[in-house]
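We just call them A, B, C and D in the order they show up, numbering each chain from 1.
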Amino acid sequence: MAARVIVVTGFEPFGPHKENPSQDIARAVHGRRVRDHVVHGAVLPVHHADTGRHVARLLAELRPDAIVHLGLANGRARLALERTAVNVLDYALPDNAGRCIVGEPCATDGPAAYFSTLPLTAMHAALTREGLPAYISNTAGAYLCNQTMYGTLHALALVPDPPRAGLVHLPSLPSMVAVSGLDEPSMDLALMLRAVHVMLDVVASDLATA
Amino acid sequence: MAARVIVVTGFEPFGPHKENPSQDIARAVHGRRVRDHVVHGAVLPVHHADTGRHVARLLAELRPDAIVHLGLANGRARLALERTAVNVLDYALPDNAGRCIVGEPCATDGPAAYFSTLPLTAMHAALTREGLPAYISNTAGAYLCNQTMYGTLHALALVPDPPRAGLVHLPSLPSMVAVSGLDEPSMDLALMLRAVHVMLDVVASDLATA
Amino acid sequence: MAARVIVVTGFEPFGPHKENPSQDIARAVHGRRVRDHVVHGAVLPVHHADTGRHVARLLAELRPDAIVHLGLANGRARLALERTAVNVLDYALPDNAGRCIVGEPCATDGPAAYFSTLPLTAMHAALTREGLPAYISNTAGAYLCNQTMYGTLHALALVPDPPRAGLVHLPSLPSMVAVSGLDEPSMDLALMLRAVHVMLDVVASDLATA
Amino acid sequence: MAARVIVVTGFEPFGPHKENPSQDIARAVHGRRVRDHVVHGAVLPVHHADTGRHVARLLAELRPDAIVHLGLANGRARLALERTAVNVLDYALPDNAGRCIVGEPCATDGPAAYFSTLPLTAMHAALTREGLPAYISNTAGAYLCNQTMYGTLHALALVPDPPRAGLVHLPSLPSMVAVSGLDEPSMDLALMLRAVHVMLDVVASDLATA
């Protein structure tokens, strides 16, 4: 019998950022086992249209039990477990296709928002227990991270027995802050990687008992 | 011939903090060699009077070439290379003797401020090169960290050929932020330890060429 | 023919706050005329259950063309035109009935979120033109302000030709920050009152052309 | 007998700022009486060399009892009563002569710092009593505001019975934040003007009893 899959996605660097920790983590966790599951890590483009197509392909091909999107939220001090994705695209920082979008919906026929279907409360509790700074966030913004979370949940809305899905925002890497000269918080890659393991373990445990 | 010494001090936990990364680092670097120097790590009490006596003893007994004070500045996102210590004690958070001090001088006969005599610009450049977030800070506050830096530089002001001296403020540990629930930046201990090594190497190199 | 009505609500003080600018403004605008409309200002209790009942009564009795909720968001630097209300109650600061709620829906049968039906983009543009700091916010939090906005939009969801409805979060008053000793932004009441006039004028103008 | 004088200085706009509240206030208070004193308001250039010459002229011609420098510190939320000016110029934002300075002293022969000789504690208490957000700040930065405060105190260091002197940093104006789109605090000009009156009254009262 084939191993069950949890997909973890990261994003390419974008805008002024030469690095993106979500990409590094997606690569680092690829192939790891978490309880009964094997992790499939994938890097998504930062592109208003291609990103969704890439996710659709992952869902169709891998039929995962869960998909955890990781994204960069520079300026945040802690891991942000996103509670909600809203049906809004509104960003002035061009995506990697050079496109800005002001006040459009992610899906013209979609509801105002979707809730994450990841076990956020248990994930948050496990992270805190491990001394890893995290919080349950009330906004995933209106950039491509939010769009990806919204798009995935919208695509899964009509699927019977859909996989769990959601998004976690990561702080900047220390090296990004060192170079930028900005007074911004950061988090070490090793620490974030440990946090992702803790979260995936909660997800896998939750799937086992579901 | 006895090895030359660089002293690195940390502080005990204080106030609401159960941990203090400066203490952990002072212990971790004790006994390490940096170029021609051996590091002596020491943990200082957080006490308006005892701290200075403790430092005086270290200076008298070890006759170091440099003394680098490390302290905790929760809320800061980056390593803060303190440029200046001012002749002010002004704090509402009790020290570990239960004492608060409002608007008194560190030394009644002292000047308004002392500059750090550590090679801050070179330290900052080396940290940035290594991808470690740091900045040259214009205020060490008015709590015991500032007092310790001021007190050390004041004690050394009359010494011929005095050791280099200064203070670096550290962010909170991730575990401190996880427990507090506050939206505050943090820095992993391993990263801070690496940063202290980078800084000590610059100090030792600077002493060699001086 | 009776004048058409725009309702503006504020909240009582709550938690550690002795004042609440939203209350002051709701009182100050009561009875004013804005184009073809007369403003009805009302102060809502900060109470998980009573607040909604109070709003229901206002809607039933006054049959307004628009209802603009104002609330306090201490810590924010600018007027926050809330884009979305989410179906979540999650707060550790007791309401004025002494109640905390962790992770419950505003309405068990409700959708994940509602969008504000106020003309946010035009309101934002008018405020900026007048030199008044504002932004379109992606989260109204998970406290009673969000609940009130959600509850109103949920109540109006089945009404044919419903009034426009939404929420604007206000910064703290200067006097609140002066007393607290916290390093938080504030906004003068006169400035906020001017901003509310600018916003109501946009709402009334929008209603006239709708 | 000629009226005794308190000088209040502001600065021109600089860098990206089209406005500077300190300039507006210096003009607004010019000619006002505060107890036994008349206020002389003056606008200083933002120029590494001219600023000091301009202040020297004011001191020589007006022989004031006190000189209160006002400057803009965008990003700060409250009035910052500066405790200390340090002997450092270090700024990457060009002054209005197009000059940047990295790590030079304000005065090659000067001490590390000077303390403000304004009655900061009484000023802070009076502002708090009036509901005006303020704090005693431990750093005036390393830009021209700090240089001006340092330069004035350095020039007065050898004067017998010198006038009181110091610097207060002001937040941005609301209109500056509205235009910038930045998430920064601001303070209304009317409120800042009221705060300056409160502070000048404390200064004048203090001079009367000295």
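Note that in this section a residue touches a chain if its C-beta (ideal position, glycine included) is under 8 Å from a C-beta of that chain, and two chains touch if they have at least 3 such contacts.
Everything numeric in this text was worked out from a predicted model, so none of it was measured.
J.: Centre to centre, using CA atoms, which chain is the farthest one from chain A?
T.: So the farthest one, by centre of C-alpha atoms, is D.
J.: What whole-Å value do you get for the distance between chain C and chain D if each is reduced to the mean of its CA atoms?
T.: So the centre of chain C lies 38 Å away from the centre of chain D.
J.: Could you give the separation in Å between the centres of chain B and chain C, each centre being the mean of its C-alpha atoms?
T.: So the centroids are 48 Å from each other.
J.: If you average the CA atoms of chain B and of chain D, how far apart do the two points sit, in angstrom?
T.: 31
J.: If each chain is a dot and touching chains are joined, what shape do you get: line, ring, star, complete or other?
T.: Ring.
J.: Got a list of which chains touch which?
T.: Contacting pairs: A-B, A-C, B-D, C-D.
J.: Considering the complex alone, what residue numbers of chain A touch chain C?
T.: It comes out as residues 83-84, 86-88, 90, 103, 111-115, 121, 136, 138-139, 141-142.
J.: What residues on chain D touch chain C, complex-wise?
T.: Checking each residue of chain D against chain C gives 77-78, 127-128, 130-135, 173-175, 177-179, 181, 183-188, 190-191.
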